[in-house]
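Given below, in the form of structure tokens, are the structures.
Two complexes follow with chain A in common, the first pairing it with chain B and the second with chain C.
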Partner chain A sequence: MSTAILDKRRRQVATVTDGKAAIDCAKPSLAGAVSQRACVFCGSRVVLYPIVDAVHLVHGPAGCAAYTWDIRGTVSSGPELHRLSFTTDLREKDVIFGGAEKLERALRELIARYAPRAAFVYATCIVGVIGDDVDSVCRKIAAECGIPVVPVRSEGFRGSKKDGYAAACDALAQLIGTLEPDGPVPPFSINILGDFNLAGELWILEEYYRRMGVHILARITGDGRVDDIRKAHHAKLNVVQCSGSMTYLARHMEATYGVPFKQISYFGIEDMSAALYDVAAFFKEPALHAKASELVREEVTRLLPMLEFYRERLSGRKAVIYVGGAFKTISLIKALRLIGIETVVCGSQTGRPEDYETMAGLCNPGTIIVDDSNPVELSTFARERGADLFIGGVKERPIAFKMGMAFCDHNHERKLPLAGYEGMKNFAEEVYGSVMTPVWSFVRRDTGRAVSPKPPMGGVS
Partner chain B sequence: MSDAVTVNPCKVCSPLGACVAFRGVAGCIPLIHGSQGCATYIRRYTISHFREPMDIASSSISEDSTVFGGAAHFGTALDNIIRQYSPAAIGVCTSCLSETIGDDIALFLREYQAAHRDLALPALIRASTPSYKGTHMDGFHAAVRAILECTVKEKTATAPNQVVLLPGFVSPADLRYFKEVMRDFDLDGLLVPDYSETLDGPSWDEYHRLPEGGTTVERISSSAHSVAAVQLGRALRGGGGDWLEETFGTPCRRLGLPIGLRESDAFFEALSLISGRPVPQHHALERGRLLDSFVDGHKYLFGKKAVVYGEEDFVIGLASLLNEIGINPVLCATGGVSERFREQVLAVTAEAQRLFPGDLEILGNTDHDTIFARAEALKPDLIIGNSKGYKMARKLGVPLVRVGFPIHDRIGGQRLLHVGYRGTQNLFDLICNALMEAKQEQSPLAFMYV
Partner chain C sequence: MLLRHTTKEIKEREALTVNPAKTCQPIGAMYAALGIHGCLPHSHGSQGCCSYHRSTLTRHYKEPVMAGTSSFTEGASVFGGQANLLAAIDTLFTVYNPDLIAVHTTCLSETIGDDLNQIIGKAKEEGKIPEGRRVIYANTPSYVGSHVTGFSNMVEGIVRGLPEKSAAKNDTLNIIPGWVEPSDMREIKRMAKEMGVPVTVFPDTSGVLDSTMTGHAEMYPKGGTPVADVVASGASKHTLALGHFASEAGAKALEVKCGVPYTALSLPIGISATDRFVQALSDLSGKPVPESLADERGRLVDFITDMQQYFWGKRVALWGDPDQLVSLAEFLTDIDMRPVYVVSGTPGKAFDERISKVLKGVPEAKVKNGASADMFLMHQWIKNEKVDLLMGNTYGKYIARDEATPFVRVGFPILDRVGHSYMPTVGYAGAIRLLEKILNALLDHKDATCPETQLELVE
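For the complex of A and B:
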């Protein structure tokens, strides 16, 4: 394989043979490798961000808060506190004398002004070093103001983005079970875990569940409300999408409150349909299953002819998928196949061994699978495999564009819903437009091969 | 709110500025000695503006390095960067974390060099950029000074036409304009930094691990041979030009960022004096056309109230332009903590203060929450600044003229021209048209002549 891979990363790259690929993962990022991952803080921030009626206070210098100000496409049906950026903006003197007193004042002022249902206090790197007692400040202010004030142990250096997911789950676990519902909970009540309501995706799913007769108790965390989360222990089932970030919380709720969970994904026809059937199967209620079948039949019947249009035109194209969560990569491999596109390179920032096994099982022999990759690797692999399309986030976009490749954003900043049947249609449309635009005829695709013939000169003939 | 909490910061942190500056050295890759997230967030933030690859390495400091020091991680980072990128230079900047745990980067670099004596190492540049001190602007200036300090060792000759230009944090289009102007004066312009190509490159035939462009380390190392340094930014003290003058006696001309007629005149006059040549004809013509447009547009502008925010020197430049065209700068704000901001805004707004007495508010060390609160009270006709003022403009129902950094909600931020006669013309047209459009939109009569 390529010489682009650093020695210490060789085991994190594998080529699929016989549906298998031996790969190392869940390791800290290698210094100097230019990982696409962020830090613990990012992991926590990304998970808790969509809770719309909480104050999210970043305790540290202003940068961490500034970089995450209104950064995601996650939307609210009500309050929009999550779209503001709050920070203690620590300065040199705070670093010397401690920031706890400033944190206390900041919390008091924010709670008085915004009347949130809870406050999250994110510890950044420096807080872990100067030793501010964030926990005791949070306890004090919670007692004083009468709302949950939850410390998030998200010091950037404390591990990887994945450890940040766990820190966020710990913070959520502190909320869950602290409030009782007003009346009895409907029989088919679920919590949605790991959908972040990007571009209103959760509302699409909510509509499907409503049509099935399933009640959603807490949305964790897309369009999330603190009080719903506090009551979430009364759900009969946790339906977990973003497995990398939320399985930890699901396991905690299973152990503590006996709420079982199912891992699903809402991307692509197959996974979306399986998600609905899985929920129906869990409740062992024939009526639910019948409604799910009807819904799936209706949606798929409408969608398939539209997808056929794209499949005919996109057939034979090759894709690179590199996103944060492995569950998404897996769904995308399947979704792309539906429109005739083969995945030739795929990976994730935070996949687990079982995720990579699943990927290998889905991919053709020769597909490159990569964990915690970087621009040098991704550009080399894309070129080696002659890819036409790259699916990633903002940081991957310029790699694709400078290589003359189509690109689709499947990250937290997108403004286009890609979940559900509707999302699949949007996705196919976006892929089609991105691949078919005439601009590529003017740009050379970097395939490492000979220059393709130039487009004809302009002018009237 | 009080000083305990910042709501919607009007700044980002110092390593970001340093990384941008480092990208202006040919073949240079930035390395942030900090957590993995610093590099990633800064990449994301800058890519969304420049829409170009922005590889920034991280030493990925972990829990054990915060206890035992980050030397091992730092060395590994250098090894891996050199393996992957074969860079001509590595620009190291620090973070709040590495500064607080007390890592000595100078020592790390000396040890690394000593251990690799047999290798031709890239130039190693280091800037101290603790995130709790100053803003991205301070990080930018720290890196510019560091680039010079780490590469300029001696003055052994004089290059008669060579002029070092320290442009400050401007757009790639601004940098290209500066180079053009200097060429037109027959000057050999040496820009520190010059990210005009690296952060606004053409479509590529093949992928480059590091984009082409930037001022080479070799050229920068000859900076002391220059006949003059031109350092832009009224708020700036202790910049690269100051250092060159103090260390090698290179005469440094300190000018404002050339936004507006007077500041541009000062810039052209300086180049004219240094080169001994008159202002080249086509620039004189651009100046003439700019003046002509000032006259054409003045009725749309007089007395209109503007809120301006951004980096200190950028705001001072814009205030200077508004002062010349009869717009009332009711609020000039920055997230920066410069002591000179207030004094310099006052210095460039004499006409406005005379025509609109008592109206000018100057806010330093502030955030967007405060800017919005003041703007609500001041009822401006337009807002001038980066994309982060969008919600304010929307709530107030007034146009936002997007300039500076970052432009995250439009295409082409990297191609915005702000400086010199040509850049001022661009700003003037943007401002004038924004006000004309607002007037047209607000009128029930749908006039096609405005």
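For the complex of A and C:
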């Protein structure tokens, strides 16, 4: 295998043989590696951020607040408090004398000004080191102001982004079960966990569930409302996407309130359909199943001919997938196959061993699987495997482009919904647009694949 | 919806910042370090810092940004980050083969008290720094100053680490260009070349963060000041520090270390500041201003003359970084516009003094910097009395939409438009570009909103 791998990372890279790949994961990053990973704060912030009627106060220097100000295209159907950036902007004297008192004053100002349904207080690295008692400030202000004030233990150094998801789940767990519904809860009530309503994706899913006759009690957290989340323990089922971020909360709710959960994904036809059927099967209600089948048939019948156009033109192309959560990689491998694209390199920042096993089972022999990768590895493997397309996030985009590869943002900066049947069509369009753009005819590509030569001067050679 | 939260009534805030008009030091240090060829910036802190800085720089420049991180864990935050940094230096040289590593601290490593000088010394002793390679550093605590301070501190770190003293001085001028775009650094070099003045510009991100599409992903793009040139800057006869806030500390450090005297000037944005820059180049080199530059200036003055009626008396709100704000405000007053609101999150009395001088003729101007000088306050001022034009980074787009006010993007970060990487705003040519943007924003707004009877074909 390539020389681009750091020695100590050798076990975090594997090549698929016989549907298997032995890989080490869930390890801290090697110091000095140009890792694409982020920190605990980042994980907590992205998970809680879509709760739109809460204030999110970053207790720390302004940087942590500035970098997370409205960067996630998560959409609200109502309040947009979450899109403002609040920080205690800790200064040197606060670091020396402590920032608890400043936090208290900031919370009072904030709650008086915006009258939010709850406040989340994010502890950053510095707060963990200077030892501000964030918990007791939160308790005090909650008692004083009469709303939940929830501390989020998101000191950056406490682990990786994945530990941040857990910290966010802990914060959510403090809210859940603290409010009772006004009346009886409809029989087929679910919570949606782990969809963040990027580009309005959740609304597409809601519409599917509505057509099936399933009621959504709480959206956790896309387009989320504090009071819904507080009542979420009354759902019959938790439907969990983004396994990395929300399974932890689902387990907690199962243990505490006896709400069972199902893990699903909304990307691609297969996974989307399975998500609907799984919910129907859970409620053991024939009418739900019938409506789900009808919906799937209708959507798939409409979608497949549209996909055929892209499949014909994209067949034989090769892709690299490197995203945050492994569940997404798994769905994307399948979704790409639907439009004729083979995945030759795939991985995630925070996958678990079982995720990588699933990936290996889906991929052709020779596919490279990576955990917590870096630009050098990714670009080397992409070149070696002759990839045409890269699916990733903000830090990967310019690398892919510089190598002459097409790119699709499947992260915060997606501009169109990629979930559901509609999302599958958008995904195919976006991939097609980038793979086929004429700009590739103006540059020699690094990935080995010959580019269809385009005569100069718009066809006049 | 988004901004209905902003109220007209302004109350003094002490503890709460809403929509900050600054960010933290390390990102400035990372940007400055990228301006040395073959340099790999390294963030000594948690993984998230490095990830955020790389993402933000990538969003602004649409370019890959490479940097290492010490990936602090709970253990490192208790026992210190020495082991992490030593391991990181080893890994970075072994795998990524940089000429130079530029380490900056974070609030975490600063507070636990890591001594970078000592740790780097230890790395050297232990043979972790290969022959001919270097590790330089800057202390950049996030809770002091702002991203501009971080840039300034890394420039100082570069000066502390690289230039060598020389008794004999040559004809080269050093230029520390300040936190400007790669296109601006390219323009500054072009102007010096036009005058026939040999210069060493550092840091210089042109060719790094505006690199060409080649079909290859380069770890170290071909741009950036070569290490050897920075080392030789100790033998230059003079340094020009462009921007008092981002560049003067580095120039002063070079004077102390190598005896190279310096002159600090405003960033050459707009006509007056560019005149002073060109004059300084001429005075220090003894070379006359060439006709080509005089012509550029002439075209700029011609533009202002032709379009003066559209600029006169227009009220402008400005936010961003001190060096840009001082020069922009001066330029706006030169073209008879009125910079009435100025906000910078970067703290310090020096800013107040400089901007007050520039705004002598605008008694109605309100200026605030430092704590609680944020975009929320800016919006409140505007709600109380409207402006005709907004100028600043992308974070003004909410206000522009809410107040239906024309908006010209300048400064850092610009996350939602391009152009800044390719076309400069410094120099005479840069001033023409700025004027074009200002004029087009005002006229596009007029065309979109004026009564039909007032829609004019000819402006």
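Basically, the second predicted complex is superposed on the first by the 447 of 461 C-alpha atoms of A that agree within 3 Å, B and C clash if a C-alpha of one lies under 4 Å from a C-alpha of the other, contacts with A are read in each partner's own complex, and residues count from 1 in each chain.
Throughout what follows, contacts are C-beta pairs under 8 Å (C-beta built on N, C-alpha and C of every residue); 3 or more make two chains touch, one makes a residue touch a chain.
Because the structure is a prediction, the values reported are computed rather than measured.
Considered on the superposed chain A, chain B and chain C are sterically incompatible, since they clash. Of the two partner chains placed around the shared chain by superposition, chain B and chain C are both touched by A:Cys39.
By the document's definition of touching, neither partner reaches A:Val300: not chain B, not chain C. Applying the stated contact rule after C-alpha superposition, one finds that A:Leu81 touches chain C and leaves chain B untouched.
In the superposition on chain A, contact is made by A:Pro398 with both chain B and chain C.
In the superposition on chain A, chain A positions 6, 28-42, 60-69, 84-92, 94-95, 102-103, 105-106, 109-110, 113, 124-126, 128-130, 156-161, 375-376, 379, 394-395, 397-399, 401-404, 443-444, 446 are in contact with chain B in one complex as well as with chain C in the other. Chain contact summary for the complex, chain B toward chain A: residues 1-2, 4-9, 11-13, 15-16, 31, 34-45, 47-48, 51-63, 65-66, 73-74, 76-81, 83-85, 95-97, 100-101, 130-133, 135, 201, 203-209, 335, 367, 369, 388.
Against chain B, in their complex, chain A makes its touches with residues 4, 6, 8, 28-42, 57, 60-69, 84-92, 94-95, 102-103, 105-106, 109-110, 113, 124-126, 128-130, 156-161, 374-376, 379, 383, 394-395, 397-399, 401-404, 442-444, 446, 448, 451. On the chain A side of its complex with chain C, the touching residues are 6, 28-42, 60-69, 79-81, 83-92, 94-95, 102-106, 109-110, 113-114, 124-126, 128-130, 155-161, 375-376, 379, 394-395, 397-399, 401-404, 443-446. The part of chain C that touches chain A in the complex is made up of residues 1-2, 5, 7, 13-20, 22-27, 42, 45-56, 58-59, 62-74, 76-77, 83-85, 87-92, 95-96, 106-108, 111-112, 141-144, 146-147, 211, 213-219, 345, 371, 376, 395.
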